[in-house]
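Accompanying notes for the structure given below.
Letters A, B, C and D mark the chains in the order given here, with residues in each chain numbered from 1 onward.
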């Protein structure tokens, strides 16, 4: 039984157009699944749906989100909150705004362990120090007492990652965790996430528009276009021979490290028209 | 490619429309007062004093909302009172806005000694207790429409100045201003063409709120018996006159109060509505 | 070090502000028609009497001269004697300040509680009928002048349902063992809760009348600031961690939303003290405001001067305190 | 002076309550609470602005005694002075001082206190506003319980001032010991009540003076709360937190008098319109038309719920020089004819400004609005200008009042000099009409030694003023007083509300 299985999930804006169209997705325990697509394709919307943080103006019209066998959508809000809080975590996109400016780093990691998971304060603090070590922060005790504005973007993202893994979640949703960082720091952060994921065996849903990132971190991926999953395959098969024309075009539009002079080919209009038609047909 | 976010339409502001309609109604009343008002607001008849509104027993149908202690028609006085209320609201509102926003813009954008001077001026001005200062002011220049407007402008311009100065400062720090300067435009030109348009929405919002406040200040000054000296009817004057015979002729106080209340409410809801409309990021 | 430097700068600017206020008030009230001497002329007084009385109160000298005398006096604590009350102005004004301060602080506390609750509920139930209702209530509270709220309260609680006292600050027949003029504070300190009850029963209605518009303003500002904070990432992150909506608002959004509202509350507080003039008049509450109106009506120049200067000191003082608390609360400023 | 049946009804009968008594007053009142309409600025009744403020004299008369006692009907009676008068050629005055009286601190009251009080009033340095009257007496001599003084300049009203503004006796020993500021903090007098506790602008608690020469008052403790807002005063008495209050709107008096003891007494305070001898007012037709066009009875009945006595001269029925035969009847047609004679009409009205206070006296502003309305019907267009009472004094002292200016003139002594005299005598800074004919007519009356001749002289002046319409007298104010069932009040025609005249029902 897969840890996370999304079945025929559709969502629309209140009094507006569709956002997700009949999305189905399976993620086994410990698996790293990439969600790929152009911005606005609905990939981060799926992440938000799993964690239950969809904007108020978005309604889920049908479908199920089974987490470890239980459909989150059928649970009463309070129970769903506790279950997600205990077993899932989010690595946010922009570290600069994802930490509460008026509170120290320490409590922002330990509070959740104490309040939601019922740990003792001392265990929580020990855990926080350990995790900061795992994300290569050399003086954890001092950092725990500092305020967010005293730290760089890279440091903050490390703290957020540490905070996510601290609760030993079964599933982590990483919502484009490196987009807001500059390139040099990106590589370190990706290596960090991959390392921690392997060690902790956490299932990871990795939302990104960068196929390069997918190739380095993910085992499988789903390609999305305008709210619909157009292809669902393993990373190796995708890069060897993408089945769907849109996937192939997408791959072609990505710079190859191996052959920099190959030049970029934008997704041809014909392909766009075809996939649009397919998606509209529903 | 349908991006969900752009379709989140702002819920049509019912309150916004209601307040706009009420204010339009007032403007019409003010302009066509002589034709609309059933009676001459100043005409007295001591022997038909304190007649109740039409639906109450013992009413005189020709006085729809009853008469005050001097036998003047309450409805006509409210209608003519609209003229003074809107005059006070628009004139003092605009003046406050021009002076306050102007100084605020200069201080916020030019910084330096201009900012120091204006800020000191604001501090000194805000150190005066508002109501007491207006009483003193009116004692100097004597009561009357002009002095009320002056009193409101003198007290409230600091409200504009402070907000616009802060806004101009934050806008001034933004990149689009630097790029305009790089494009060789003079400092004053930049302020007018770059900063002002972005600060304008807030000015408009503050302006509508200020108009509401002006109407209330006129009512407060009437309570302290310093409002308009002439016979011309003002809502504030009617409310303070109606106060003494609240038990016998409640309508003399209640109807102008309702009108004042709806007007000020409309101004504030209009201000709120505009604030949401102008807000760049759709909430 | 930075904090000390800003403090010094602030003190200098405060001094400049106070001096500016003193000069302006001094000249404005001397230009006011209706000099106090004319007030005292009984039937039959002759021009000689007028000159003699004017000299007695030192009003015959030129205005700059009068300002100099007054200024020197102020430097060593003598603000002159009130013409109508025939007592030193400083003693009068300081004697009355505690009553107004207590009333204003009580009104502020009420406003913060009610306004805060309205903002939190408005945010918690945003985009629902409840929030619409709260907005309307805020609008209504602001659309009626506070003296009319006072009137309504007098009619309802003074006459129809006589639950609260409607005039004065304390029941005259009570023996007050107080040393300072801070009756409320001292009654609590001395554990005389019977007196506290009586004081509160007198202060409740005027405080409510003052608090209503202020609560609306605080409610609107805090809700606006809260709603903006609710969209920030760290709030969303907290939701994913399992915190309930209410706790998210209380723990994450509120602390960061309070800061911008604080400065505005500081400013409103000084307007509040200025605004007590009307409410004190209506409730015959013997604070600074009530004395101020009599001073203006009777053209008691030294007293008006003293009252306005005191208001200026309070205003600049409150501003200073607000700025310091803002710096203290805001970690970015505290840790340099 | 015609009294319509309706207003007569209201005046003569004290409306004793018949319907159900207010529950909270069933039991007897041990501590009387009065809601007073003005605050007491200072305790020295002889200096500063409060010394000439008529509305405060009631508070002073509860604690201090005047040289001579004024009875509720304004007539004088023996007070601290049992006997007083001039010598034959009126070059000296003599006074006999009552004995067996003590100050509130127990010290004895002697002739020394009387002499010292008079000397102090005569001394310009103390700032007594009525100095010009008291300085007409000099070199006071005390002999046992007799005080004599020389008359530097004969003033026929000197003894009347002894029961009028600043005519109070202060304790010589105590005052010299504690000084002005000490006296302000702990004032003592010989009056019916002693000051127990005073809270500025809030209240004063009085304790009955057990050894008062006029008999110990009924209520042992009296609290006078200063409640300047009329609506608040009404709420005080209706809500039961005060037993007696005064000066509430007449409509409220009518509403509440049924369920309480109500008293409506004409007092020594009149509403009038000064006419300034400038602009259009120089034309007698305009002045006479202005007077004839005012229906004073209608204004009293409609605006003041009938509480007011229309008057045609500056004297009220209680005053010494009152002459009922002087009439200026309401005659709008005559007004139109008079105006036509000077070329004015409803279409081409005469224009001038009328100044008035707003909210200073009951319905002052509404009365002027009503008068302007009446004037508009006959061809007079007056624009109203509102000013504060302080500005009125300023303009009057500088003789810069508008052609017409509303004012109220208090005169609890009832003597013509302090009403018609000071209001109409050119040289006095208080007069507004300064024509030579009136100055010559009033001049000799100041020093007239023969009382009958003096009064007759003033009556002639009043008639002359009415005939030439040099001023527009309007009405004598009626003071409304409401008291709980358990309290019977004796109103004083001077308008002073005196706790020691209040008895338990």
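We take it that a residue touches a chain if its C-beta (ideal position, glycine included) is under 8 Å from a C-beta of that chain, and two chains touch if they have at least 3 such contacts.
Fair warning: this is a prediction, and the values are worked out from it, not measured in the lab.
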Pair with more cross-chain C-beta pairs in contact, given A-C and B-C = B-C
Per-chain Cα centre nearest the global Cα centre, belonging to chain | C
Can you name the chain that lies farthest from subunit A, using the mean of each chain's Cα atoms as its centre?
-> D
Please work out the Cα centroid separation of subunit A and subunit C, and write it as a whole number of Å.
-> 53
From the C-alpha centre of subunit B to that of subunit C, how far is it in Å?
-> 23
Mean-CA-position distance for subunit D and subunit C (Å) | 38
Between subunit B and subunit D, what's the gap in Å when you average each chain's C-alpha atoms?
-> 44
Name the residues of subunit C that each touch 2 or more other chains.
-> 33-34, 127, 151, 155
Tell me, which residues of subunit B touch at least two other chains?
-> 139, 243, 246
Check each residue of subunit D and list the ones that touch at least two other chains.
-> 231, 388, 390-391
Mind listing the subunit C positions that touch subunit B in their complex?
-> 13, 16-18, 20-21, 24-25, 28-29, 31-34, 127, 132, 135-136, 139-140, 142-145, 147-148, 151, 155, 227, 231, 267, 270-271, 273-275, 277-278, 289, 292-293, 296, 304, 307-308, 311-312, 315-316, 319
Touching residues (chain side subunit B, partner subunit C) in the complex = 11, 15, 120, 123-124, 126-133, 135-137, 139-140, 162, 212, 216, 219-220, 223-224, 239, 243, 246, 257, 260-265, 268-269, 272, 283
Over in the complex, which subunit D residues touch subunit C? Could you list them?
-> 31, 33, 35, 39, 41-42, 44, 47-52, 124, 127, 129-133, 165, 180-181, 184, 197, 199-203, 205, 221, 223, 225-229, 231-232, 235-236, 238-241, 388-397, 411, 417-418, 421-423, 427-430
Residue positions on subunit A within touch of subunit C in the complex are 51-53, 56, 78, 81-82, 84-86, 88-90, 92-94, 97-103, 108, 111-112, 115-116, 147, 149-150, 160, 167
Of subunit C, residues touching subunit A in the complex | 126-127, 232-234, 236-244, 251-252, 255-256, 259, 329-332, 335
